[in-house]
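When the chains are written out, they are named A, B and C in that same order, and each has its own residue count from 1.
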């Protein structure tokens, strides 16, 4: 029985090879892998779609090919773009998606990202950023000292120690936060200055629309509340009775614990933040006194107070805007029976009273005393 | 009547000029010596037969055997095995003495299965020498060997050896049955016999272990397996055996357990790597470019842009070139082989890349997988891995990674359904005894390896149950 | 039927058979099917496990009364020849359609993610050839294949570690946050994913140690339940409620979160490795269908396996609309429930009959 099976199956396989449609298979060198996509807002029905495709051939003049079309649907735009390009456009290696600020404020981002989320070719690790003014200009700009716009933006937005305020939102995070009634989305906000791109701040969304841009220092607080373990170098201005002091704490390890009082009517949240870091630079009155343990602990106490003030100020700001980028209302949802909606999140944030306790410990002050 | 018998004999061995008939006059009358001169050395004949005949004929009567003169076939068989027939004309008695002394090869180093440490001797083509190499290592009366004759035209001697107190007798009976049912004119090597008594001759995988090293054989004998030798064959086969043992080299037991485990893991995973690497290249480039990281992909695109063939054809092309190199290298006479080896390896490789026929990343991959395919110590297994690799290449070319996994599922199922003398081929993968796992892909220190392996189904259990 | 040398499945075979048949395409979309309950769906697999244990008991009890017969023969004995044959043929048809449903589901998944530009004819054909090869080895070769595939694919669960890192454990609370209607919906949809253990009624005569068969199958069931539980918990941690509802194949998306330095998209490797699990499920169903066909027709037909495979192929590549196929497969899924209730029904008939005989 086995021999007959082998014979029949071999015969069938050989005969059926003719049924396969091989001419649709595009070999590797003829596909153009899109690295960055950018969306700009033209008007209600139209958006401008720009893609950047890296060129591998050494003879090409430009390192990247950039195409731009105006379209209403994303897939339509791709079809239009294939008319311009000699290669087949695929999204297998998509790295970054840029959206225009107008685009974000009008609330169109979710549709576009959802389309990409649905697409099986695109992975979930694609980073998203909001661009000030024109996203197309960023792609088409000239960056003489950078090898490739693809690699430049990708590396810029990837998690790195010094940009810890950057939430590094990827497609999955975006879909997660925008569909979750508990959180509001945050996306890094970039701007083109001459021939460099800079991350200016973080854009906070309210619902589907972009609401406001917050500064990196405040974004750092958001990251700390979200539980991010290593925060960027923290820059503080102290006004605690020793005059104006500026200091930098580096190599931070932070841990956060939040406790809620489980009530929706009058929500109260106790936040305990522990920070461990190295004091890397200090400018101020006590500069020459910081070589004893007591003076360091004094300084720590001052830092605690200042941080508590900063965080409370920021949380009040969030209260007024009624946005919750760090998911504080999750602590209340945990104890609530029934479906949790966005309305309830806004209510909780609007009424939230917080008590912040910060505990800093400075581990060392570098190699000198 | 004696003359009739001799005449009958002469008719049978007519035109066999090797056979010499000498008449010697002794005390008891004329004696005709009949023997094959190609199988007997002159000195042996002198010392054993001629001189005692003339001087001390009683010794001959004590040492020789009586032969029934009516059994012509039996007499001819004795002649063929190198015995000298002595026909006493006076008494019409036919005696025979064993004087076999054909030239044999000396025991040398093994060239195909060498190790760095450990004994270096290997089997030769003479059955007696081989059995002696085993007997001097296992000096026990329980080491039995049974001789049989196989081959309907050639009448070749084989010898089955086993340890009587350890082996499973059902396996023995099974093996004996299979050998008795074989009908084949000539066995030039024991591997021909092996293919006739295997459970699944159609499978690409070898089901019995073959080796030329006496220390391996002795290890398997003590483990309760059955070993077969054949005259004029350097190899010995061991049955039953399992898939994992194809990756075991006897040097693993001479090394310390950490090194041995590392090398075994390397060999074992090398087998799977060698069948997966080049198909991965094909499927990643043709079907799933998103698997590879970005920079590697740019690199690949650049090197592939010069190649006019699709990846499948490219890979088949270079795999076939490597096969041709290897095969030509083993068939070529040694003097010519060296130059062609260099030409093939270096020139073809570099020149092909420069000419734009192949991409250089692919050459690295193919060279690595070719090297990995030589890791299993059994030559037949490395050949099998090359064959299996082609199946994977074709299936990767058809369906990409999905095709590879389908082929992998087929491979797993095929291995699971193979049997070696009745026991499953994948036995240590699905262990019969927990102690099997101690000597598998990872080798535990020797003091843990005291139990026999489950595949031999030894009699140990019955003695312990008592 | 009923000779001693049929008994070839030892306890490991039983454990892994029960385990592998349950995990097929079901586990891939289990979180999505249970999503009617929102975040609290994570303890549903445990509930399913308890229900499965409870329903397994009457099945094994019935089988132990007829230690050498499989369900098709039991049907004939208890219900009479004609009615028994009618139900047997229904079961055979249901198995064929169910297997076709699983294969079609999986092939469409492969086509949408791994092989975007091919029709699925040729892959389906190759899959069916492999299927025929495995089933023709009998239930023992299927059981050994299940064991191997378990060990080969268990490594995939390591790929979920990135999802665990990113997830928020606070999703697991509050407990019991659902309404009765949601619970019923989720139960109805989700239980289909873990069907498969009831096939023991067909391979019971081949088990060596029949007294302990219940215990061994339980071990297999709970291994699968644990894996389902694990993936459900990880999905709940990682996804928002909307994502749970709308993302098909949640488990594969979990893999998308991972990356190594030399391989970017692990979900493709995950999908293609899944073929082992699919094979282990479908081979068992096709073997049962073959057994049914054998017992329906008196003479031994050597080609019934090929006929079954050809029918499955035709069903998948039928020129009917996709909607009709979907309806057909959903219907056969619900009939699968019948197979669990069936032994209870048969046990009652058995008890009634025994009482009649005693009287």
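What we mean here is this: a contact is a pair of C-beta atoms (placed from the backbone, for glycine too) under 8 Å apart; a residue touches a chain by one contact, two chains touch by 3 or more.
Just so we're clear, the structure is a prediction, and the values are computed from it rather than from any experiment.
Chemist: Considering only which chains touch which, label the overall pattern as line, ring, star, complete or other.
Modeler: Drawn as a graph, the chains make a fully connected set, so complete.
Chemist: Consider the two chain pairs A-C and A-B; indicate the one with the greater count of contacting C-beta pairs.
Modeler: A-C
Chemist: What's the distance between the Cα centroids of subunit B and subunit C, rounded to whole Å?
Modeler: The separation of the two C-alpha centroids amounts to 45 Å.
Chemist: Just how far, in Å, is the C-alpha centre of subunit B from the one of subunit A?
Modeler: 63
Chemist: Let me have the rounded angstrom distance from the C-alpha centre of subunit A over to the C-alpha centre of subunit C, please.
Modeler: Computed value for the inter-centroid distance: 41 Å.
Chemist: Counting only residues that touch at least 2 other chains, which ones in subunit B make the list?
Modeler: Within subunit B, residues 290, 294, 398 contact more than one other chain.
Chemist: For subunit A, what residues touch not just one other chain but two or more?
Modeler: 2, 20, 25, 121, 123
Chemist: Can you list the subunit C residues in contact with two or more other chains?
Modeler: 118, 122, 126, 133, 264-265
Chemist: Within their complex, state which residues of subunit C touch subunit A.
Modeler: Within the complex, subunit C contacts subunit A at residues 38, 112-113, 116-119, 121-122, 125-126, 129, 132-133, 136, 168, 170, 173-174, 176-177, 239-243, 253, 256-257, 259, 264-265, 302.
Chemist: Which residues of subunit B touch subunit C in their complex?
Modeler: 287-288, 290-294, 296, 395, 398-406, 409-410, 412-413, 416-417, 424, 426, 429-430
Chemist: Which bits of subunit B are touching subunit A when the two form their complex?
Modeler: 202, 285-286, 289-290, 294, 297-298, 300-302, 304-305, 310-311, 398
Chemist: Where on subunit A is subunit C touching in the complex?
Modeler: 1-2, 5, 9, 12-13, 16, 19-21, 24-25, 120-121, 123-125, 172, 175-177, 179-180, 327, 330-331, 333-339
Chemist: Can you tell me which positions in subunit C touch subunit B when the two form their complex?
Modeler: Contacts found on subunit C: 12, 110, 114-115, 118, 122-123, 126-127, 130, 133-134, 137, 141, 144-145, 147-149, 152, 261-265, 268-269, 271-273, 275-276, 279.
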